[in-house]
Amino acid sequence: MSGNTFGKLFTVTTFGESHGPALGAIVDGCPPGLSLTEEDLQGDLDRRKPGQSRYTTQRREADQVKILSGVFEGVTTGTSIGLLIENTDQRSKDYSNIKDTFRPSHADYTYTHKYGVRDYRGGGRSSARETAMRVAAGSIARKYLATKGILIQGYLSQLGAIKIDSVDLAEINNNPFFCPDVAKVPEMEAYMQALSKEGNSVGAEITVVATGLIPGLGEPVFDRLDAELAHALMSINAVKGVEIGDGFSVVSQKGTEHRDEMTPEGFLSNHAGGILGGISTGQDIVARIALKPTSSLRLPGRSIDKNGNAIEVVTTGRHDPCVGIRATPIAEAMMAIVLMDHLLRHRGQNTDVQVSTPVLKG
Amino acid sequence: MSGNTFGKLFTVTTFGESHGPALGAIVDGCPPGLSLTEEDLQGDLDRRKPGQSRYTTQRREADQVKILSGVFEGVTTGTSIGLLIENTDQRSKDYSNIKDTFRPSHADYTYTHKYGVRDYRGGGRSSARETAMRVAAGSIARKYLATKGILIQGYLSQLGAIKIDSVDLAEINNNPFFCPDVAKVPEMEAYMQALSKEGNSVGAEITVVATGLIPGLGEPVFDRLDAELAHALMSINAVKGVEIGDGFSVVSQKGTEHRDEMTPEGFLSNHAGGILGGISTGQDIVARIALKPTSSLRLPGRSIDKNGNAIEVVTTGRHDPCVGIRATPIAEAMMAIVLMDHLLRHRGQNTDVQVSTPVLKG
Amino acid sequence: MSGNTFGKLFTVTTFGESHGPALGAIVDGCPPGLSLTEEDLQGDLDRRKPGQSRYTTQRREADQVKILSGVFEGVTTGTSIGLLIENTDQRSKDYSNIKDTFRPSHADYTYTHKYGVRDYRGGGRSSARETAMRVAAGSIARKYLATKGILIQGYLSQLGAIKIDSVDLAEINNNPFFCPDVAKVPEMEAYMQALSKEGNSVGAEITVVATGLIPGLGEPVFDRLDAELAHALMSINAVKGVEIGDGFSVVSQKGTEHRDEMTPEGFLSNHAGGILGGISTGQDIVARIALKPTSSLRLPGRSIDKNGNAIEVVTTGRHDPCVGIRATPIAEAMMAIVLMDHLLRHRGQNTDVQVSTPVLKG
Amino acid sequence: MSGNTFGKLFTVTTFGESHGPALGAIVDGCPPGLSLTEEDLQGDLDRRKPGQSRYTTQRREADQVKILSGVFEGVTTGTSIGLLIENTDQRSKDYSNIKDTFRPSHADYTYTHKYGVRDYRGGGRSSARETAMRVAAGSIARKYLATKGILIQGYLSQLGAIKIDSVDLAEINNNPFFCPDVAKVPEMEAYMQALSKEGNSVGAEITVVATGLIPGLGEPVFDRLDAELAHALMSINAVKGVEIGDGFSVVSQKGTEHRDEMTPEGFLSNHAGGILGGISTGQDIVARIALKPTSSLRLPGRSIDKNGNAIEVVTTGRHDPCVGIRATPIAEAMMAIVLMDHLLRHRGQNTDVQVSTPVLKG
């Protein structure tokens, strides 16, 4: 498969640059008979849309998604679904000075070395704009998964050095941070204002949880569910780390502390994050990603131009002071796409399987 | 692709259970003309072999690998390479009591729910035994990469709560921990002895570094190099977290701290871990994995049997008190396989590319 | 991969129904630096377009293709290329009576059994309309292959019982049949008129030839070049047979007759059609496809409705009396896509190979 | 996927050269719970084994297949199944004179140009020996398909110019030709003796039929069932043509002659060969392949050596005067593998589908 396609049975292929005419995706393998409308997709896209909060990029985009195929009389037909979002707000002139220079910690340098040419406007294909299509495609997966009782929810678990202490899912959409701990919001707001004033940025950590799972999803050895989730989540721009369950905390845990014991009433803990041996246990799947701070800053940085000469780079256009604030719907979408693919693969191979062992509660 | 195949151009497909007659792999896509012998593969396998140290599993295995195809007169032919390791030391009787029970934090429960049946001896396909084939396959990739100047080295960076303070590559093979900080070895030995006595286990963190890279490897958007590394590394048994570069530390880093500035003399830092926009920069690639503590313990744990009744589980057979000690060659092998695949994919698409921009030193 | 994606390194993914808003494709893996414009694609599309001749479907479509990504300042960037054709002429009302009935020898019955629902307008996804995207995608491959000296030409070799006797490539675009034997054209015209009057249809055979090949393309054992060509060509609507080289004539050939002997001056024949052991020899690649007669007829046929009741079906809308007349550009496109994919795969794995054996002339 | 792997959910990966130590395969995706033994596989292998008739190669091979994984207590576990056949009869000395020469119409020349090196003994990887693994893998698919009522049968439909006139399945295993028309056997025997005496060879046509199908298998647009069958069958050594249903006869058929009308009692014909729109109709699937005459002849042929000098080539070792006689089990195996893969893919995506339309009898 190519770099722009993800999945085996439920696949997502995307195209589109930051400043091109449009972004698009083809979603293949969605079972037929699922009711689907453009409104179903628009909801998640709007959550991702810049302009929603004063801390995120001030780029006004309509981000209106169209369904061009694969849906007839309101239900999916089982054939490939084409999605399109036309780019309406690009402001090319903001990037003309970037034509021959490389912004540090962006993909400018690497794209140049890989392809020889690059669309320098707004990062071209390396821009986070392409994630809009992942969100749209992920919405299709989420809708189907919901019909099977599987739900996905993400939230901000850490902003810079500020960690949350509690999780109230109802709070997530009440603040511009997707933060589930309302007590931390004022601190986060103050911090963000200070950063904006300074012209700097900071990283974030997002947690994504899937509930309502059945045991059995995942294809050992290489397509283990955790490995595919790691792939999907690490593929999001700015992600530098992925954890499942207790993640890096397991390094210092003892075996007796880590193991999730089982009783007839259910599992006694979930250090594993819902995946054992690369296969879902039926417990909640918990994953966490680390997002690096944005590299588009008003504060000058040293770099080189395309001939290798020393230059200084300052980004004056629109940029995200904290990419993490926007990544929540994208992480949810990627988890949905992986779970969808594995649900279909599992039932493709194992539909005949009869299991007498009971399913334990999470 | 199926769950037992990894890669696009350079692919590895494996089979084999802990207590079956043999383990095997088919490696496809290796360029022709590479000199290759069974000795080339045996070296890395021996590093992984239990019995090398008193802390690892006391299971005596020959782990002699045979090359059954794809090599003629000492060089690869470009056709598929078949590898075989016959299992010689299985001690079936150690596991007969596990037939109807599920060991907590093992894959017994999930494999049962997925497949309905399972080979319960030693964990069957879920056992870490299958990683022997990954190491053998990875050796082929490592040999080819070495002809291009690309080398891979892994080491233990944390054992339980004990973190290393320095890295001296020459020390790695001088102790049973793959530890590059000789000063920490006595502390680690003492800790391991205490654990053994207690009958418990602990986790570990392994760091893997690739040097000699060229810029340009990785296939955005979904097959970004970091995403594929995350996939490959998370697919190793017991891994619960993967980091690239600064990993989860980026969450609290500011943009000015994180960015790797560039000068004509080279990059000023490597917070990115050698990958930007999903493509290699030419700098060292640095990845880190977190391995959970072994769940096969002499200390009893609560569990259920296959009918859902409460039981207590004790593992008396051979087991790894710290899986992490053995994971180093496996992580190196997986990184090699990913880099090999991407080297071929990159040159397949971009052989014609001419780049005038100089390659910066790491 | 899913059913709507073709290829490994150079991939084509398509979407779109006969009467949906648009058709689209994503082409991934095209090397960067290829000059590409919408005009390059439009040429081949216009050759395919109905209305070009009085014998083909009288459906007026603009078939204007847009490039939405992957091209910047006139050259490909190496990132995924999004293509779009908006459907402008659909005449929905022609198909409303087909809602609950199955046209014999169409995919109505099979799509219903596979998906449970179907877009019945004009055949939905099963319509030959989707081949427009293959032609557009194939044009990209053709342009790149041409830079390497590889050209592809298709022509009608048999219409009904009328076989050509000679091939003059210059004649192919001078008649509405893509017929390279000008002497046969009047006979074909007369035959077609008689068919139209009768309300019937007939099949056709198309030959496709690729010249300028290098030896070495093809990936034994399963992705042999001939096997992939067979896959690609058989995937075209209405194709029921594929031949390479002498095709079914080899059944009655003796070994001494069939073998293509080699001399220092070159091959003495090309019974193999340019492929041996699944790999190109450097000789012209010759393939042939058999297309069945159209099943949309004014002459009534027996069928059933979706409840299984006996009905009679008559198609009054627009239809192709001979599908074969339009298949030539589609077959050329599919051959181009396969050769492109294999060119990239071959150089990905075998760039280092040095061969002292000379390349024989065809 | 790579050239040595076939399939998406049910995959077969193979390795092995004609004169290497062993042939092997990994079969992945077989559902768990299927009873499977080495005897199940040996039956089909024995049908393929040379020495079965005086007309086929006089190479004595044991061809004993071993199952090395994926089966436990007599049933499949759902994990990857490793298969191995050790080569016991190689007679290397027969081929030492071929080291620097290319046999006409063999893959020697193309493998050299692709890989630079080649295992020249017996054709190396290009030898038909590797098909033994396809037969073994195909047996697994056949066993599972049989539990679903799907059976596959192949037979010789034409030997040289001798066409069969009738089909009696019971006769197929009563003669060394897999010929279902007992009246033609003496003619075939006489013809074969004449050929042997002459030192020449001839081609053959094999027909393969699958019965007991359900409608719905196949993944439009590119992975249509007929396209994947064409791929699988064309990948068999020596195949130069593939037909589905009426194949190349459709070229001269009129629409009214070709269409398979439907009534409540069932289909009235099967010109389509059981596939419409790339999806199975539930009718018998009928495919036909054309195999070229063997190129290893005692009669001298002109060729070149690896330096491009003119030489004469004579093959004195063992060879097949008619490859077609052996291809029947291989074609059956490939059809089984494709149907298996599509059965799993179809139920993976469409398990929820409810169809009220009745299934028509074939």
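As written, the chains take the letters A, B, C and D, and residue 1 is the first residue of each chain.
Simple rule for what comes next: contacts are C-beta pairs under 8 Å (C-beta built on N, C-alpha and C of every residue); 3 or more make two chains touch, one makes a residue touch a chain.
Please read these numbers as outputs of a predicted model, since none were measured by experiment.
Colleague: Counting C-beta pairs in contact, which chain pair has more, A-D or B-D?
Modeller: When the contacts at A-D and B-D are counted, B-D has more.
Colleague: Compare the CA centroid of chain D with every other chain's and tell me the farthest one.
Modeller: Using the mean of the C-alpha atoms as each chain's centre, the farthest one from chain D is A.
Colleague: What is the distance, in whole Å, between the centres of chain C and chain D, each centre taken as the mean of its C-alpha atoms?
Modeller: A distance of 26 Å separates the two centres.
Colleague: Rounded to the nearest whole Å, what is the centre-to-centre distance of chain A and chain D, using the mean of the C-alpha atoms as each centre?
Modeller: Distance between chain centres: 45 Å.
Colleague: Distance from the CA centroid of chain B to that of chain D, rounded to the nearest Å?
Modeller: Their C-alpha centroids are separated by 38 Å.
Colleague: Could you list the positions in chain B whose residues touch two or more of the other chains?
Modeller: 1-5, 8-9, 14, 29, 32-33, 78-80, 114-116, 125, 220-221, 350, 353
Colleague: Under the definition above, what is the set of chain A residues touching chain D in their complex?
Modeller: 8-9, 29-33, 78-80, 220-221, 344-345, 347-353
Colleague: Could you please specify the touching residues of chain B with respect to chain A in the complex?
Modeller: Against chain A, the touching part of chain B is residues 1-6, 8, 14, 102, 104-107, 109-116, 125-126, 130, 158, 160-161, 195, 200-205, 214-224, 226-235, 237, 239-264, 268, 271-273, 276-282, 290-295, 297, 299, 301-304, 306-310, 346, 350, 353-360.
Colleague: Could you list, by residue number, the parts of chain A that touch chain C in their complex?
Modeller: 1-5, 7-11, 13-17, 20-24, 26, 28-29, 32-33, 66, 68-70, 72-73, 75, 77-82, 84, 114-119, 124-125
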